[in-house]
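By written order: A, B, C and D. Residues from 1 in each chain.
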């Protein structure tokens, strides 16, 4: 829930260059900070594109050495950024172990490792995850609020969705082994795990067609499995829609009645001066009529 | 939102043939105007059918020269219509740059271009877009109101759907590169972009089957990706359903309470004489009990 | 809406065998009437099964002459039933032209036609439609009420669903012709109609895989088409769910408040003695506290 | 609905080892009882994994004799558990005929049968069903409550879903035989049952691609069938979502107003001392403010 929380300043850096860089990295409302963020986002998108195009054979054949240089350029840039982040925050270890810290590290490691092990370069695509930083720069506080509602609805339906997933897996085990017995390895159902993969692909209405039933009984069982999967598709949709409708009603009620309930967890009755929800830490919006 | 707005008359044409043609083209309640619209719609549908059938090889072989003549007939007709529209509206440039103006131009350009470049004829299918004009003729004000509710629900959920799309693309990048590493070019995952195409096809439960995982690990990752995609399918449905239910409740409340709220944007408290919403410009219905 | 309406008695048959058979055919609460209905349902299901199994080659090889006899047995039985229905109802022509009358006729015609034209026998499967008669026998008034709510929700969302269908067809035309230009006949997109078939199969997430894009641009366009189709899947679900929730709320409100509103069209304020809704003709339930 | 009901103690075993084992098996709050449950769950998951891996050819080749021994170990363990359960409960027959009793028996039978009939071993996967016991151990009373709401929503929508299923089957019969007539055995539609299998696969948007239409008419009928299936997919989702939203609203109302309504069937007005709903037998929660 605190994906976008603001780290605290390193106390040793209340003044001087650390202070300046902390502001550039973590604030969003100044000119240099926006430029820094923009540069970073462009670099992330560009580096992901380079990895993607490098995987296309005929492009690789023509540009391999060029991509190699660019790749090292991005890696050095991201390394500098990573070190800078470590230097300016109050608790470097906490950043290093946070989700973003790990992703930032994973984004630079593969290139260094590829000096020893060729092939590790493919892992560079972890950088794609950094694209989420894009949302930060666009000052999309609205987007993040929306994300809060969507995530909270997902969080509230977690138990029901877990129950649903265990149901799907159980059905996949049963149907997979049934089909393994009915169709057998000669028709592509080569083992129970392979049949389970087929059952998931079928139940979720993907239906690749690489493995298909060929006996009459197998086709009948498949039809039944599909109709079950077809009914089950309603379950997560129903759960999520009901939860989301609840969340949106609450958000709208909040906007109208100005009762200062938290838009994410719904807790109400905050003090007049409160800026964050005392339950979930989400920022409370300004009172409408102060 | 203003897809069906009425253009204003060219001031130079308050009287005479321009006035008459402006009425024929833009009004909907007179006999000649209805005939004009009907003729136009028949011509559009017929021209689209000609392009479609012309693409079927054995029909083309038999009727090619005939289709060529018909094609030029439609093009000249649509050119005349386009010039007429330019002549009678008050601001020709504004029409030329509007969505409909561009489509009307694109509908006639390919035939002329095909005099220089053979093959451009395929682009004639842009004419299909003009089929949307059909709704106008049937005087389906009810349909357009429905369309307003559907569109407004889409518009209100735009941020959430954008967030969802960026989530889908991020997952496609991660899953695509994972599968590229796991399965490799020998199993059809020839590059990261190709793997991303596969990931989108799989996550959306389309599952063509032209590229399929063949290793056990690849099948396991695929199953996980499918279950994620299966859960994600609930997100846009949930978002849209919740927004639509809101919009419909509002529309029904309006119909019952006669509080003259705008059926599209929900703004209330309009003056007794008002005929259009002062927020979004959508037509307000007549008060039920005047 | 009046799928299960009760025909009126032929006035010439107020007494005698016609009266008796009218009661047997159209009432549901007497012993002979239930037996007649049961016999009919068994005959329908059995005759459909015979046609189905007769189409399986190795079964046909072994049982062909046997099936031929059975087939004629069913046809004579259904012919007798059809003639009987014509004789006992007040307005034979009206029955003959009703949905059920036409289905009943279509169910017997193919066998007679097959005397002249071999092959017409395949059309016998129209008999499957008669299976809907099953609901009648089980005295499933509850089921029919449910059906009323489901159908009414479908009816109320007809305009929105029509709009949605015309949107789908327009997108199919545009995407189909785009792909025809991009991929061309050599990759299976042999004509614009064939490409439109592919576009519908893809957008609806069926994805047979008989026609697949093979160029990079084609795959990109396909991904975009899929994401659009994926968003569009929310539209009919959202429309229908919202309408159905409305209908169910109304039905529940009716059950609780005993305000005698029609369960199907929602019209309220019926007279105390009223047994049918004076708007849509659906049967009103008994008042809860008389 | 009583999937997790507590069996009663065998009166002959109020004291002694039977009493002790009854507590271990059926209570959940003591240390030995938790250990027993954990052991059982681990054994179930392990035995299912063994059956699954044993079906993979190259694993079977290397470990067959080892798996044989492990298999017999699990079977003896489960046999001991089954006999123990029979001994300690008050009504052994009732347990033996309950869902869980039958599953427990089916889980051990195949190994014994395989002494006589080789091949029966594949049926061992019935053990997967026992995985549902996992929920018990985690003391997930919350989960079971959720399950109650989900199941009750399914139960309330049973009539509508049955109606929907019979609609799907009828359409499958009609479309299947139409395609059998149009495409014929030479294009893969080898019989009406095979065509029905294809119709179900297509309507549910699975689309394996093992059977595909090849004529223009066949493709047109397929497109129509897909659009119908696409509209129909909204039906069960809509039904279930509406029912679930009802159930959740009721559950929330209960939590807030403390009106002691049953969270599952909604019956209200229970006595102050009541611990179970007198309608459906589901446990009532503690009053919030006693």
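The rule we apply is simple: contacts are C-beta pairs under 8 Å (C-beta built on N, C-alpha and C of every residue); 3 or more make two chains touch, one makes a residue touch a chain.
In UniProt terms the chains read A, B, C, D = Transmembrane ion transporter.
In this text, all values refer to a predicted model and were calculated from it rather than measured experimentally.
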Field: Minimum number of chain-to-chain contact steps, chain B (Transmembrane ion transporter) to chain D (Transmembrane ion transporter)
entry: 1
Query: What angle of turn lays chain B (Transmembrane ion transporter) on top of chain C (Transmembrane ion transporter) when you fit their CA atoms, given in steps of 5 degrees?
result: 90
Task: Have a look at A-D versus A-C and report the one with more C-beta pairs in contact.
output: A-D
Task: Report same or different for the chain A (Transmembrane ion transporter) and chain B (Transmembrane ion transporter) interface, where same means the shared residue numbers exceed half of all residue numbers found there.
output: different
Query: When the centre of a chain is set as the mean of its C-alpha atoms, what distance in Å lies between chain A (Transmembrane ion transporter) and chain D (Transmembrane ion transporter)?
result: 31
- prompt: Between chain A (Transmembrane ion transporter) and chain C (Transmembrane ion transporter), what's the gap in Å when you average each chain's C-alpha atoms?
  reply: 44
- prompt: Residues of chain C (Transmembrane ion transporter) touching 2+ other chains?
  reply: 193, 196, 205-209, 233, 237, 239, 241, 243, 245
Statement: Among line, ring, star, complete and other, the chain touch graph is complete
Field: Complex contacts: residues of chain D (Transmembrane ion transporter) adjacent to chain B (Transmembrane ion transporter)
entry: 205-209, 237, 241
Field: chain D (Transmembrane ion transporter)-touching residues of chain A (Transmembrane ion transporter), taken from the complex the two chains share
entry: 159-160, 162-164, 166, 170, 173-174, 177-178, 180-181, 185, 190-193, 196, 202, 205-209, 212, 216, 219-220, 222-223, 226-227, 229-231, 233-235, 237-239, 241-243, 245-246
- line: chain A (Transmembrane ion transporter) partner, complex, touching residues on chain D (Transmembrane ion transporter) are 48, 51-53, 55-57, 122-123, 125-126, 128-129, 131-132, 134, 142-143, 146-147, 150, 153, 161, 165, 168, 193-194, 196-197, 200-201, 204-210, 233, 236-237, 239-241, 243-245, 248
